[in-house]
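Each structure below is given as structure tokens.
There are two complexes below, and they share subunit A, which is joined by subunit B in the first and by subunit C in the second.
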Partner chain A sequence: MDKVLIIGGGIAGMEAAGQLLKLGYEPVIAEKEDHLGGHVAGWHKLFPDMMDASALIEQLASKLDGATVYLRTRVAYMNRLKDGYSVMLSNGTGLVCRAVLIASGFRLFDAAKKEEYGYGVYDHVITNSDLEAWFNGVEDFRVPENPRHIAFVHCVGSRDLKAGNPQCSKVCCMTAIKQAIEMKEKFPDAEIWCFYMDLRLFGKKYEDFYINAQRDHGIHFVRGRVSEVGEDIDGRVVLKAEDTLAGTQVKLKADLLVLMAGMLCNEDTATIASMVRAAVDSDGFMRSRDNIYRINESNRPGIFFAGACTGTKTVPETVAEARAAALDIHNYLSGND
Partner chain B sequence: MRERFASGFDPFVLPFLIGFFFVIGYCILGIVRIMFQLSREDRRMFLLSLITPTTALKNIWDIFANCLLHVKLWKRNKVLGFMHSSIAFGWFMLIVLGHIEVMLYCPGRIHLFYYPIFFNYFVAENESTIGGAVLFFLMDFFLLLVLAGIALAIIKRVRSRIFGMRRTTRPSMLDRVGLYSLWAIFPLRLLAESFTAHISGGSFLTIPANWVFRQFLGNDLHMLPTWWAYSLALCVFMLVLPFTRYMHIPAEMMLIPMRNAGLKIRHARKGFARVEVLSCPGCGVCIDACPMSVKKANLKDCTVYLNRQLRRGNEKRIEEISDKCLLCGKCEALCQVGVEGPALRIAQRERRKYGFSQDYSGIDVAPMAAAAKGAKVLYFSGCMTRLTPSVGKAVCSLLQKAGVDYVWADRDEGLCCGRPMLTAGRTEQARQLIRKNEEMILGSGAGTLLLSCPICYKIFTEEYNLPGVRVVNYVTFFNELVEQGMLKLEKGDLFYVYHDPCELGRGCGIYEEPRKLLGRAAGITEAPKNRAESICCGGSLGSLTLDFQHREAMTLNALKNLYESKADAIATACPLCLATFSRYSERPVRDIAEVLDAQSHV
Partner chain C sequence: MIYEGKQKIWSDYQKEIPDDHWYFVRSCIRQNFFPASERMFTEITRNVLGKDVHETPYHTTCGGIAYHCDTIPHETVMTIVARQFSLMTEAGYENYAASCITSFGNYTEVLETWHEYPELEARIRENLWKACRREFNKPKYLAHSSDLIYKWRNEIAARARHLLIDRHTGEPLRIVEHIGCHYSKMFPSKGVGGAEYPYVLCGMIESWGGQVVDYPERRHCCGYGFRQYHVQANRGYSVSNTHKKFESMEPYRPDAIITNCPGCPYFLDRWQYVIAEQTGKTYGRNGFGIPVLTYEELAGLVLGYNPWDLGLQLHQVAVEPLLDKMGVEFDPDAKYAGLNKEDLLRPGLPVNMKCF
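Showing the complex of A and B:
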């Protein structure tokens, strides 16, 4: 039976492994963290159905019976053979497989690099992932007891040449709206503000969320970037921004500021790519054969991609891509190409 | 001693005379034009300085040391220093000795400009007399010196790397004509004097050469054509001189007295600026110095090319180069002649006409002044510190620990210091902002103005009029607090490399104080390029057109220099450097205030 190495045990790696098992292969997942599920495992609820992220992970994990999973394991090296790859994992396991699926995902932009927002400097500035962790019950002293004013800043480290990341992270607009609604539900008296450049609500039911947020929850949307963030004597965050629709300057004191940190290519992507001489794109993500029809394929035979290693993706996109990659691998291994 | 020709003339001197009178005439006209371009008070100041004994002496010494001996260049690069000073000083001595010879042996001919130059052709002197032997020896010695310089120049043209220069300028067409004629002058002089040595005498160089040539030539037919060639080479060099980089030879002699008189650039094309542009020798030191030159696309945007385009009057390129520059000032710091690249560019930017100009005169500073009242020390953080909140927070924490009576003037509302407007050439807007800030600061009643941004610090010290207020940079202020025992620091284990921000280092000349201060809280190592040679972080507000991709390459290059120090982390004293570096750095980047804050206790 053919072994297939899957680099990364996030939702893409898990879904692909489950599908490959059904197709009769032996998937081997190498995950660098101590748990499966990647970023989604740290999330609370997923839009647009507000499904529990843990429920998705459970579903994916339930289909992994028979798959080999190595946690806290990285790829030490990978060599091209005549027909396949010889791989050494950091836990000492060696394996030979004809196909490798790279599902190494993304990393979150380090919000401290946008100094003007004061992440790590002011007491009440957190990121989207910090907030999800707090929703999941992780204690966070930065979230006040009973916040009266909460501000969300979109596009932190996305679509920002100065931060070195020109592309859109796709999910943050919707995440901000989702989190704003969740916060409003937790703190009905709080006033919530979202500062955005554009709202990119392209997916199914996303627009409904936006309308709900405004109509039912009274969340304020301000089109304009936050220019600087200060702190007043009480430790509250002071935001200065421009409302480009009203053409006025806005100054807002908030008890909590949430930064929508964007998606960047994973740091390990380049290392893995260089082992098999797979091409890396100008944005730092993996380069697919093309971006329309063969997103799952690399320029090397037997190397496949799934999920956010080739660009920013939403959860449903990632899962669909993982399934497609499993089928691509099956076709490749059974010579149906 | 005898004169060979009673007439004291031969037609071969004519080319030399044509070139000579052309250059002299051109320079006199140029001086007159520039004098008229100066403003009335500048002209008065300049003329007065010429007759003030101390400045006059300084002028003579500076011209001697810089134009002839190239003292500054020696300090930087010994081989280049030798090359330039051997040509300049050697040639100067040949001319001086020529005049001494004429004055000693045929004083009646001194009014003929060509006599000292072609002395050996016209006068047959015997080296057996002591005077002749010494003079001829000296003439040959200096000729040898010049020839050695020329030989180095030729090697440098072929392989500039041997001389420690990665890149040099691409000479223009006329520059090449000037260059080759300059190279030709001295070998031709050696040949001409050698052919004449058995008649007119010579020394250790010319007599053996004469003997060698006589072994196979056997007649004197080559003599006159070689003197013609020598004269023609001189003629060509002098005719093209005004239109080549060699114009720096006469122009620098004008630049030094003007600078010593205290003149400033007031117009991008006229007066003092014109003299600076003409004084550029086109050596290309600024190409390697320029932080933009890490990208090949920007190679032709450094000061040497600005000067070239200013000479040619290529408006499009002049604007492009002027707008692109980061104004880091490194070209000026390394320039042997002292061409003020940044000031030239700002003067050029001032010439632009904008369709729309902001008006700040209506801003009400009363609320800001009210917020600034009531403390001895007024802390003005500036826009850049407000965008890097960690710096402002650390400064305030240190002030509190030291028990300083202070108020953060622009914590809530504040105006820009005006420096970005000034560097963009929008002087009027800058003046408006300066007046507003002056009003706010003087109204606060504080005796000390504390600044944590060197961009603000530079304009506050240079352009603001704040009687009774001490303007102080935070590195100076914190050093004082430590020395007075108000701030207690504990030395940490980390090693920092200090990055000199352009505006604080080259801009304000503050190099030692930040190192002293940082040394109290941490270990210090140095980067290979530091102090006046520090590389701009690439984030400078000076550039109007440079995009992020080009800036990124510069930031990475500047970081590479800092990494070479093997320090654990990078420290700087400018919020803009901090923000720029921390986006790309592999090692932690901290402001000096943050380092101090972590190492201080109450």
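Showing the complex of A and C:
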């Protein structure tokens, strides 16, 4: 049967590999990290059901029997053949395949670039990703023992022309609400504040989550951007923001500040795209043939996309796209498209 | 505070500063506020460090105050700036150093504007030619004069007679650094250290043995803010901004404040008197205020100059507690002796803030 190269072993690559196995193909996953699961592997719980992220990874991994998985492996080069692609991986493996699925995902915005928020400078400033790692038991000296005031800043590096990223990262609003609720459950006496531009809660159960956060957990939502962050003599974080609904300035001292770092196109995107002359969009993500009906298809024959390599995606969207991509590949390889 | 985090940012915002041959332009107001500062800059750079620093009496205002008070348009400012550059060109220099922060911001803004809109530069060249038959080259390097003292800070440290160390305790003096808003807030890449964590004054403090105080309102305006002060009705707002900074820095018990702007040292110094008279509160120890110095004045103290030759008697807040900590010898009776030992008379003393 045909081999299909899958670039990226995150949840999109894993789900697509599982589906391709079922359809009778031989998926080969090339993953640059030393583990499968991508960003989700470092996450604690997933909204809206608060499912364990590790449970999802286990479920996806359980369907990979028969797939070839290369960890710490990148694509060294890829050449177009008459009817497929010749690929050399960084581990020296060569393969010829008629279809390639790019599932190279995203990277998180480096929150230190928003210098005014003091990530990497002030003692108690962390990112959404750091907090998930802490939820998973990773020790972090920046998270105080019993925080009484916690603040979340949405849209860090997202919808930010100055940072060069106009796109909405889609998941940060819900992630902030989820993490705020989790922190409130851990520290019931803590006052928690979320500073947002807009709340973009479009998915099933998302609005319920938001109402729940306010009604049942007393989490405060302030519509306004944080302009600057400092540190007081006790090491507490001092935030200045504008409350655009109340029309006033807000100054808040917090024991912990969590920055919701946004999603950017992966650094590898341009390299991979250039190997097969696939088109890249203005936001740096891969360009689908269209954004309505053929999101999984590229402008090159045999090159398909799944997940966040084409733009910011939620976990359910990514998994659904991976299944769709597997079916598209099957149709392509069997001449049904 | 994670010092390495700041170091990383500082390393991202370093600018090229040539080591010699500078065309230097003074500020409109600094010589009235802190009369020896610019004199000390030329003294240190020329006579102590042996640098070529050139000035001309034909230099005028850059138009910055009027521009930021919304009384003249930018095109006028650009033509004034073009004339300043023509003086530099005429003198045979290509490195331009401004003593005033607003001028530095102004020059930076003009050069950036011309870079983005070359047709505007062409029009300004035409304006200048029509107005005074002058032509100019743009500076190859533009710096604020504090950039130069920052560059040569270690050479000054090597000649130091008094370090920023409390001689009574052996501990580094705690120094607040305050950067003028127009230094790097408009163009972060043009200032040493960027906009959020400027390093230009921190570098001097560290080189000269002191400890930098970082406090929550560090980035806040000194209170001058042009229209905040120049419109008389807004002066309460000006004081309230200064008050906010002092309330924020108070817990750190700073020994001194240094600044690199014409307005900032004036307002941080004078408004301490106003706050003390209005509220009875002082922010230094034992009823004194916190001494506020320009970086040239501080460099002068470090190099062992007589504090009264540095013009420190014209400060509102008494500088004697700082001189005592640094071990600077001074004659209290000579404080108000002017040039040729002329008696300048004694100023009236505040009620609530200790002064000499």
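Quick note on the criterion: the second predicted complex is superposed on the first by the 337 of 337 C-alpha atoms of A that agree within 3 Å, B and C clash if a C-alpha of one lies under 4 Å from a C-alpha of the other, contacts with A are read in each partner's own complex, and residues count from 1 in each chain.
As a working rule, a contact is a pair of C-beta atoms (placed from the backbone, for glycine too) under 8 Å apart; a residue touches a chain by one contact, two chains touch by 3 or more.
Predicted model only: the values in this text are computed from it and were never measured.
The superposition on subunit A brings subunit B into a clash with subunit C.
By the touch criterion stated above, A:218 is placed in contact with neither subunit B nor subunit C. By the document's definition of touching, neither partner reaches A:24: not subunit B, not subunit C. Of the two partner chains, neither subunit B nor subunit C is touched by A:94. Using the contact criterion defined above for the overlaid structures, shared-chain residue A:121 touches subunit B and also reaches subunit C.
By the touch criterion defined above, A:163 lies against subunit B but remains apart from subunit C after alignment on the C-alpha atoms of chain A.
By the touch criterion defined above, A:66 lies against neither subunit B nor subunit C after alignment on the C-alpha atoms of chain A. Using the contact criterion defined above for the overlaid structures, shared-chain residue A:228 touches subunit B and also reaches subunit C.
Note on the chain A alignment: of 148-156, 472-480 or 544-552, the part of subunit B that runs into subunit C is 472-480. Overlaid on A, the two complexes show subunit B and subunit C touching the same residues of subunit A, namely 112, 115-116, 118, 120-122, 228, 230-231, 238.
Within the complex, the subunit A residues that touch subunit B are 112-113, 115-116, 118, 120-122, 161-164, 228-231, 238. If you check the complex, the residues on subunit A that touch subunit C are 112, 115-116, 118-123, 228, 230-233, 235, 238. For subunit B in complex with subunit A, the touching residues are 386-390, 393, 411-412, 547-548, 552, 578-579, 582-584.
Those residues of subunit C that touch subunit A in the shared complex are 1-2, 5-6, 8-9, 194-197, 214-219, 251-252.
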